[in-house]
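Alright, structures below, take your time with them.
Look for chain A in each of the two complexes below; its partner is chain B in the first and chain C in the second.
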Partner chain A sequence: MILSDLIGAQVADAEGTHVGTVVDVRFVIDGNPGQLLADARLAGLLVSPHGRSSTWGYERSGATGPWPIAQWLRWLHRGLFLVHWEDVSMVDVGRVALRAGYERHDAALGPRTSDG
Partner chain B sequence: MTIRRDQTAGLVLDAQLHLLDRQVLDRDGVPVSTVDDVEVGGIRPGEPVDPAAPPPVITDLLVGTEIATRIFGGRPPASRRMPISWRLVSDVGTVVRLGVAGDSLDAGWVERWVSEHIIARIPGGRHDPE
Partner chain C sequence: MKRIFAVALGILTAIGGFVDIGDLVTNAVVGSRFGLGLVWVVLVGVVGICLYANMAGRVAAVSGRATFEIIRERLGPRAGFANLAASFLINLLTLTAEIGGVALALQLASGVDPMLWVPLAAFGVWIVVWRAKFDLLENVTGMLGLTLIVFAVALFLLSPDWGSLAGQALAPTVPSSESVATYWFYAVALFGAAMTPYEVFFFSSGAIEEGWKRKDLMTERLNVFVGFPLGGLLSIAIAGCAAVVLLPEAISVTSLSQVVLPVAQAGGTVALSFAIVGILAATFGAALETTLSSGYTLAQYFGWSWGKFRRPARAARFHLSMIVCIVVGVLILFTGVDPIAVTEYSVVFSAVALPLTYLPILLVANDREYMGTEVNGRGANALGVVYLVIILIAALAAIPLLILTGAGA
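After this line comes the complex of A and B, so read on.
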C-alpha cells in the first residue's frame, strides 16, 4: 500500500462512528538493523477530527510563527490525536477502522536528534 | 476520552513532515530525485489487521512520477513508479541520503536523460561554470 492511500482516509471506531481523517502517518526508526538504516516501522496514524490535511505540522510542534497561521492551523487541528497501529483493526483504500477500546495518544513531536 | 503521552525511543518520522518532497541525495551528495510517495509493506487492504503480526514498515521511497497524482488524484501505473529501496537509505534529515551512488539507480534516469539530451545541447552545458 502506498502512503497516498492512507492519508486522507476516513477513520471510524468499532461502532462505525466517524472520528476523523488520517492527516499523517508516523514511523519510528527503531526496527531491525538494515544494510544502512534500521527498519522504519509504522507506529501509528495521526487523526484529525476537523482538518482534512496537515502538511506543516504546527499542531504537532512548538512552532509559533507566523502567529496568525500557527493559531489558525492549531485551531483547525484541535483534538488531533495519534492512534497506535495496534489499535487499528482494518485498513482499506480511503477507510480505516479502529478496535474497540482504542486509545488516543498525544500527537506532539519530541525534539528531533537529526537535522530535519 | 483521555489523551495519553508517549515516550518513544528512536527517530520519529511523520511522513508528510519529514519524508514527502524531501530531496534525495546519493552517497556523493549528488541529487537523485525527490520523495513523492512511500510504499508501506505489511498492510493488506480490506483485510483485518492481525495484532500479533509485525507492524508494517517502509519498503520503498517512490520518486519521480507520483507528484501529479498526489495533487490531482489517481495514481500512475505500478510500472511507472520508480522505487528506491529503504535498505539504501542511510540518513533522513533535511534531505534523504542514500548509501549508494546515484548512477546505480534507475530513479535518476529522467535527470540523466535531461542532462544528456537537453542540458548538454545548451552552450556551456557540458562543463562546470567558469
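After this line comes the complex of A and C, so read on.
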C-alpha cells in the first residue's frame, strides 16, 4: 500500500454512514530500530468531515496566524479528527470503513517544549 | 572588511533578483520609456522581498530547513511539483540568459563575438559551482557586483534636474506615447523580478551552506536589510541614468551597450570599465545563483543530499543536475536566441511559482513546531497576507499583459 491509496479516500462508519475524507495520515517512529531512526509505523488517519484539501499543517499545531488563512483552514476542516489504525476495519479502492464503536481523537500534537 | 563579507549572501542574492542581465536591460528600457514613473514598483518589490526573504532566512536558521523543503512538506507532492516545474523553468531560462549575459559583458569588454564567449562563460560557471567554496563565490561576485554603484555615481555626475526626476517618481503618469497596458506590463515585470522565487531558494539554502543557527539571526537580518535595498537602489540608478540620457533623445534600449551609454557619457572610460566589471560580476553571480537554485530546488523536492558544504561525490545528483542545466542552457544559446528576450518569458512561469513559494514560507513562519519562539509577529503576518494578495494579482495579470502588449513592445 502506498500513501496515495489512502489520501482522498471516503470514510464510512460501520453502518455505512459517510463521515468524511482522509486528508492526511499520522505516523509514529517506534518500529524496528534503523540506522538513524526507528522505522515509521502508521498510527492513524486524519479524517475531515467537510474539507478534501490539505490542512497546510494547521491541524497539528496550535498556529493561529496569519489570521485570515488560519481561520479559513480551520473552518474548512471543522470537526477534523484522528482515528487510530486499529479502528479501521477495511481499506478498499478510494474507500475506508471504520469499526463499530471507533473513537474520534483530537488531531493536535502535544505541546512542544523543545526550541526546535 | 569582515563586516562587509558578512552580508555577501544578501548582496549576491539581491543582485540576481534586481540587476541580472534581464533586469539590467529592463531597468534601462523602463527608464528610457517611462522615466522614473515605475520607481514605486521597485520600492513595493524591495519591501516584499525583504519581508519574505527574512522569513525564509529565519526559518532556515532556526529549523535548518531550506525553502523548497518546506514547500514540499506543506503543499504536498502535487502542488509542490507544480511549483517545482514552474520554478525550475524560471531558473533554467534565467540561467541561460545569464550565461549569455556574461558573454555579452565580455563582448563589451573585448569586442569578440558573444557566441565565442558562451562556452567559456558556461565552463566558468560550472568550475566555480564544482570547486569553489561557497563563501568565496559569494564574496567575490557580491563585492565585484557592487561596482554597479557607478550607475548611481553617474546619475550624480550627469547633474540632472532633480525636481523633474522627483516629479516623475512621486506622481507617476503613463507617457502619451505608451499604452496603459504596457505600463502595467513593466510594473508586473519589475515586481516579479524583485520577488523572483530563486532569490528565496538561494538565500535560504545559502543560510544552510553558511551554517546559520538561531544565534546568527542578526546576521541574517543584516543580509536582508542591506542586500535587497541595495539591489533596489542599483535598479533605480540604472533606470535614472536612462531617464536622464536616453529618454530625451528617444533612444530605445535593445542592447547592453545602450544600458552603459549614460555611464560612459558621465564618467568616461574609467566609469565605463567599472560598469563593465559590475555587469560581468552581476551576470556571473546571477548565473551561479540560478545554477545553484536549480540544484537546490530539485534536490530539496526529491530529497537528495545537496549542498556545497558536501563534497561533490556526496551530493552527486545535486551536482549532476546542475551540469545538465548548464549544458541545456548552452544548447539553447547556440540556437541563436536573444538571451535578454529569454528572461521576459520567465514572467509567465512566475504566475505559478510566486504564490506557491511564498504561501508555505508564511505558513511555516507561523508554526511553533519549527520556529519555537521565533514565529512571525502580527505586523509581519498582516504585511505577509497583503503581499500574498499583491502577488496573486500580479501573477494572474502577468500572462494576459504579456499577450496583450506583445511582451511590452
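The rule is simple: the second predicted complex is superposed on the first by the 108 of 116 C-alpha atoms of A that agree within 3 Å, B and C clash if a C-alpha of one lies under 4 Å from a C-alpha of the other, contacts with A are read in each partner's own complex, and residues count from 1 in each chain.
The rule we apply is simple: contacts are C-beta pairs under 8 Å (C-beta built on N, C-alpha and C of every residue); 3 or more make two chains touch, one makes a residue touch a chain.
Every value quoted in this text rests on a predicted model; they were computed, and no experiment measured them.
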item: Touching partner for A:Arg74 - first (chain B), second (chain C), both, neither; value: neither
item: Partner chain in contact with A:Leu109 - chain B first, chain C second, else both or neither; value: both
item: Larger contact residue set on chain A - chain B or chain C; value: B
item: First (chain B), second (chain C), both or neither touched by A:Ala63; value: second
item: Contacts on chain A seen with chain B and repeated with chain C across the two complexes; value: 54, 56-57, 60, 109, 112, 114-116
item: Contacting residues of chain A [partner chain B, same complex]; value: 1-7, 23-31, 34-43, 46, 54-57, 60, 81-82, 85-86, 88-93, 103-106, 109-110, 112-116
item: Contact footprint of chain A on chain C as seen in their complex; value: 62-63, 73-76, 79, 214, 362-364, 366-376, 378, 381-382, 384-385
item: Complex contacts: residues of chain B adjacent to chain A; value: 1-6, 8-18, 20, 22, 37-40, 42-43, 45-49, 51, 54-58, 62, 66, 69-70, 75, 86-94, 99
item: Chain C-touching residues of chain A, taken from the complex the two chains share; value: 54, 56-57, 60-70, 109, 112, 114-116
